[in-house]
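One structure, pasted below without further comment.
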């Protein structure tokens, strides 16, 4: 569970606001990009999980912003799995520019099937994430 | 087809960019809010159309921006049906602040069923829109 | 500090995702709409605060999602000030549909001047919020 | 003016809607990412242009969507300058997946200075773009 996957991105003009910095909700979008990349890196991309009928809606999130990101900077989103239970998956994220920490946060997810009923995370997914 | 439906909104902070104005892609979002309100006003809200298995993806859009919108201003989106054929529906929009025109544009839509196959617009929808 | 201000909104099509629910980052956008409305209600709209040279970037946020919101539902965002210090302002939010709680959360803000230097919240703002 | 600059991206979950496809306004965001990359490629990134006091708000846009994009696909945005006058700059875009054309469009821009007054595009910018 200690693997960290990095995603590089540049803030889009669309993501800035009139303070001249990245609007705060976009950190949650970047967190999503981070975990997408994480799941691809561990061989279980969301597209494949969804095609098997598993979805992972967010049940909680939190973030702490310590410095502002700006348009077109070179940003890295570092993602890891922080906690993994049969009914709860938690990712942790750090957002950096150069070596400076801009933001950190977590998202917590449940697993639902294609009828949107809560189910346990399938064992092969738990196995795949905990290696 | 000459009915015009008005929707009032205030630009969100999220919708501004570092130029201090509303980011241009948000006009397409406002157009969508406008036609949602239009369809509700004529008694055929999208939720109901979708529950009957009809969806209306955009096939073309265009817009012209003549003045900038800013955070928290009182904006009105005026929507009407501009053209209505068996396989093509076109809405026209005007975005105003006070009486000033800020933007105008159109969106063109096709009709697809719940297998995402293109179909004709159902007759009751054509009838409902052309009154 | 016990005032609660309510804002009514309908989720936009743009705010849904392919799970058929409102994408989670939009709760932070709705929180922003909620506090905009709050500040207007207490007579200190952000536009005026910013024109005096005060800005309120987010330093932390968190949310808990207990049920999904969907396109075009009637949603209410309830906003109140949870904590108010000379250098830190915290809002609390509840998002409901009918009487059902969909989401709750908080955002924490600092105050910066127009050179983006951290400053104390001006006394008149503290006074205005704590009535 | 015949240079074409390509930008690779994967649609974000945030960019999908409940039809299961990329929401149409995001094509305008991708167009912006395309022209950002274009300007970087020709040695005049927007960050530098803005630091010199030049801004390029959109005055018109249009797009045609011929096939849907989906979450996490490999998308390419191809950007070129279509027209360049002293007071008007027009970019053209094509969005492809594999070799399939998904969308095409244009954006038209004016040049404003840091007081938001319309000005001519500076000669060095015209020269840089027309090589």
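Each chain gets a letter, A, B, C and D, in the order it is written, and its residues are counted from 1.
Assume a residue touches a chain if its C-beta (ideal position, glycine included) is under 8 Å from a C-beta of that chain, and two chains touch if they have at least 3 such contacts.
Every value quoted in this text rests on a predicted model; they were computed, and no experiment measured them.
When every chain is reduced to the mean of its CA atoms, the largest separation from chain C belongs to D.
Across the two candidate interfaces, B-C and A-C, the one carrying more C-beta contacts is A-C. Look at where the CA atoms of chain B average out and do the same for chain C: the two points lie 27 Å apart. Centre-to-centre separation of chain A and chain B, using mean CA positions: 32 Å.
For the pair chain A and chain C, the distance between C-alpha centroids works out to 23 Å. Residue positions of chain C touching 2 or more other chains, listed in rising order: 13-14, 19, 21, 25, 29, 32, 71.
Residues 10, 12-14, 29, 32-33, 36, 45-47, 71-72 of chain C are the ones touching chain B in the complex. Those residues of chain D that touch chain B in the complex are listed here as 19, 21, 24-26, 28-29, 32, 55, 57-66, 68, 107.
Listed in rising order, the residues of chain C touching chain D in the complex are 13-14, 16-21, 23, 25, 71.
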